[in-house]
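The following pair of complexes shares a single chain, chain A, combined with chain B in the former and chain C in the latter.
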Partner chain A sequence: MNETNEPTRNEDNTSSGDQSSSLPATYSFPPLYTRQPNVMIRKQQINAWIDIILQFAQLHKYWIISQDGTPVSSNLSIFNNESIQRSVPQVFIDEIWSQMIQEKKALPVQEHHKNINQYFILWKDIQSWASIILQWFEDFNKLNQVVTIYELSQSDETMEYEFHQMPESLLKVCLKPLCKRNRATMLNDEHGTPIAIKVV
Partner chain B sequence: MRQFGLAQFDDKQREKYEDISSNILQKQTLELRDQLKIFQDRLTIFANKHNEELRENPEFRLKFTRMCSSIGINPLSLFDKDKHLFTVNDFYYEICVKVIEICRQTKDMNGGVISFDELEKCFKHLRVGRPDLEKAINMLLALDGGFEVFEIRQKKFIRSVPNELTDDQTKILEICSILGYATASLLKANLNWTNVRSKAVIDGMVANGLLWVDKQAGSETYYWDPSWMARIN
Partner chain C sequence: MQCWKFMTTTSSGQPILRENEKDILMDQSVGLYHGKLKITNRQSGRIYLTSQRIIYIDDLSPTKLSLSLELDDIKKIDYSSSFLRRSAKMIIFITKNNNNNDNTAQDDTMTNLEEITSTTWVCPFCMVTNESIYKDLSSEIPTCENCGITPDFQMIKSSINISSQVFNTKENSKKNENVCPACTFINHPQIGICEICGTRLSNSSKIRLKANKKFKSLEDSRLQLKLEKHSNSDEDINKNTEALNVEFVQLSFRKSDGLLFFEASEKALRNFKINNIDTTNSNDNKRKQIFNQNLASINGIKVKGDNDIDNELPFLETNLKKIGITSLEKSRENQLLNNNILFNNALSDLNSLMNLATKIERLYRNKNISENNQKSLPAIPSLIIDRDKFYNKDLFLDEIAREIYDFAISEFTTSRNPSSKNSSKSKHIIITLVDLYAMYNKSMRIGIGLISPLEMKEACQRFGKLGLNELKLTTINKRVLCLSTSNSFDYLKEEILRILTDNPGCDLLGLTNLINNNTNSVNNTNTSTDTTANAWTMGVITETLQNCVNEGDLLIDEQISGIHYYGNIYWKI
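Now for the complex of A and B:
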């Protein structure tokens, strides 16, 4: 629903280091940074934020964004807009994240079964990622071969595909639907963590 | 009812004259109808011939519709919509549907009030100009579906939810159209409103989704008009 919700979406995708230049016009709208008291408006506001985060992450290929809104490889928070001197208060940030998780557009990053206050940003849902990966296996004649997860993420052969450089931990999640459909088998190392996959 | 003398004579005469005059009138109207029919046919042939151009060229479309309206023919009713001879007609219907869609989609964002400027932006990629848009919106009004056009400082807005804006609310939107926002002190300085009045009107508008709250603007709370967003870029 968010796709069609924003007729004013900015199509200009040139990234010039300045993050606001490639984001929707709503990003520069000052009251977006204050939690709106009207429930209906707030719903819309949160949707606008989710759109902004997804667009921001997809554009820069930020797979993981920490809770305060900073991508792992950057130090600028999406929730802080210097150009209009507004920032989203923490309480509201939490509300946005929880809605985003509920809509399955963000996934808490877990390390050793602990939440570490970072989120995978899913600008495509897990099923679509799984299909794209499956497509790669078919396109590159990799069926019935063992491919490591590291290869999937880093190899030159996946360069043209959007999942290139996806973090391995996220890849594992995205591969699960394939295993469930009995299209693939995971191969685990001695500690039981999956390291490779065979698609049939 | 027999009449005698002059009266009888008069009546017969009058009947005669009336017959003649109505005959002439009838003839004339028939002729006129024929002429109109011929003209409409010609116009149809013309439009048919330049179908593609009417669709592609907004300026040409405007001139064509202007000519039709100057001789009292509504160009949109001239065309037979069932035969799809004219993409021009479909064209305006399409715009109508799109306008309704946009109004519905943005309702939660702007409380059901959207500026023509913003609408125009949505149509940019479809090669729809301002005159087309205004024409389509005029057609929409015929639906009686609660759509209403109003103006604030010479800027047109369309309201898709059926609740009236009060004078006070309109004044606040007027101020918003200058700076994007209104505050209690702005209202006091410009309209001489008391704080109580400002607060009551503003709170009502926030509740209706017509204004967004901004608490990070310094000492005072700013109330923003969402249609300002269309102007940011």
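Now for the complex of A and C:
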């Protein structure tokens, strides 16, 4: 794993080079990094930040971004723009995250029912993810079959689909709407945690 | 013009003093006058007072233009204090060396011819052969030059040898030679102080005069004196030729008041004259000075002499006769005494400085009054609004309200043409009351009592009542009181936004510079005259920026280096 980590990090570095170029022009606008005093302006500023984070995550498929803005597989923070020497102060970062959670664009990652200062980035909302997954079940004729969550995330059959490599815990969240609509049933293991799903 | 001598200096511009010569005092920024006319190229230099001369060292080319004036040639000195623009002057009257004087001098030599004879006697104690100019030694026996003992006449009677004849034949030639009375060295006729031993040559001035008469062409070529001419008319040329023979010269003190210098030179001159008399009157006294200086009594018998003067004027004492530790002690003593004099004079200097200050104040007030009398003048009006002049506070406040109004208008629209006043663009004024308060008190109220901030505010509130409608008291951001013309705040805001769209990321300082230059250039195109550089003060700009940020027109970028401002281009409200 360590050996493979090195090249991926390098890839991240190279990709971060065009990170700012692939992001909207506001990303290199210095006032973005200072909390604006005017309330109306600040609302738009936070929205701009949310857009940037979503775009950033979607582009690089960063499912989880930690509180300080660094994706799990990278060490470059989105809140730190080296090219214009600006970074967002911590207080303002918190404000952005709370707004993002409120808008259901981010979801706190929970491990043993505790927040670990990491967030799932939902560039599509959970309903959309659910319908995409349902689409896959229909396309691949997996209806009435038991499919493990691991399969959904990692198997070659999901490669073409956007939810490929989605963390399993996030997948479970995304599958919940299907269960609610009685389109699917969860199969639990001996500890009561969901492990597979059967879509009717 | 003969009184001025060329002065040799070191390359660094310090005077080279003679033997026995001591410098007493120095002063800066002095100009020289001959008679009433300035001497060209000698208007800025240092002046040294020494025990023998007054030396002028030019600031520009000390090696070429320096002059000296013998104390010997000075009859008396006078002082005229500074008055307004005229600097303090020390007037030096020169002893006239004209023909009449010269004749008498020649007569003197004729009559003295027989008197001056050389008498020699041998001291019975140390066996040294002494010389004396007195013929009859029986009445007054001189003291031995070697051991300082005055012997009994009977003891030297046998050794007395009067050689007047020999001397007489020599007399004529000797009269024209500059013989040192102390060491008998025959000096150059132009020299007044012996080159060998530094003794003053008492009859040198007469000899010098004669020599000058003989060689009329003999003038120091290094001495290039030119007087400043007022005009070129013929009369003046005559006057100038007269001026050459004028009997006084002047030193003009440009920076100091010269009083100290005057006092010091007066003392030096007095001392010099006393020494002069001593040396010429009797060899006895002279010898006493040399060998038994400060001697109070010999064997209980009091010695006659005016040694008190020496104590009073310590700086002229020569150290020649003392060597080693005694001389060091003596010079130290002298130094202390000099310091004492200096300190005393410093106090008087301080006094004169205070006088000067009151004089300036008076001048300032007089000027103000005279300006007020001529109301037609467009210059900055400066009425003296003294609290005491008004019966009650209302009147006083009204008056200062007018003054503040005038002050603000003139201060921020100075040098704008009347034509530009018609154009609405250049007539925007905003000034915070705090700034105005400081400026007004500093420039208008000093000396006549400062006003309080409350009075300032009250006065500003009276503008409308007094019919002064151009400036109004307004509040920016609901907290800062400003005096402003109508619409000027919006104008300034527009201006700032315009500049920031051209130069995003400006900080306050850069913006202040830009906006002031910018309004200048705008006005320059209109009027081609300069406007005041700081028409917009930083305080006003800060408040306007704050307002813009609060309104959402501007975005801020806070850095350690300060706040940078950006136009709001992304997040329109």
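In the analysis below, the second predicted complex is superposed on the first by the 182 of 200 C-alpha atoms of A that agree within 3 Å, B and C clash if a C-alpha of one lies under 4 Å from a C-alpha of the other, contacts with A are read in each partner's own complex, and residues count from 1 in each chain.
Here is the rule we use: a contact is a pair of C-beta atoms (placed from the backbone, for glycine too) under 8 Å apart; a residue touches a chain by one contact, two chains touch by 3 or more.
Since we're looking at a predicted model, the values are computed, not measured.
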With the two structures overlaid on chain A, would chain B and chain C clash, or do they fit side by side?
clash
In the three-chain superposition, say which chain, chain B or chain C, touches more residues of chain A.
B
Could you look at A:Gln44 and tell me whether it touches chain B, chain C, both or neither (first, second, both, neither)?
both
Quick one: is A:Ser87 in contact with chain B, with chain C, with both, or with neither? Answer first, second, both or neither.
first
Is A:Gln99 contacted by the first partner chain B, the second partner chain C, both or neither?
neither
Return first, second, both or neither, reflecting whether A:Thr26 touches chain B, chain C, both chains, or no partner chain.
both
Return first, second, both or neither, reflecting whether A:Gln36 touches chain B, chain C, both chains, or no partner chain.
both
Chain C region in steric overlap with chain B, selected from 153-161, 333-341 or 495-503:
495-503
Under the contact definition given at the top, report the residues of chain A touching chain B in one complex and chain C in the other.
26, 29-31, 33-34, 36-38, 40-41, 44-45, 48, 86
Chain C touches which residues of chain A in the complex?
26, 29-31, 33-34, 36-38, 40-41, 44-45, 48, 86
For chain B, which residues are in contact with chain A within the complex?
102, 105-106, 108-109, 111, 118, 121-122, 181, 206-207, 209, 212-217, 222, 224, 226, 228-230, 232-233
Contacts from chain C onto chain A in the complex sit at residues 505, 549-552, 555-558, 564, 566, 568, 570-571, 573
Listed in rising order, the residues of chain A that touch chain B in the complex are 4-5, 7-8, 10, 25-26, 28-34, 36-38, 40-41, 43-45, 48, 85-87
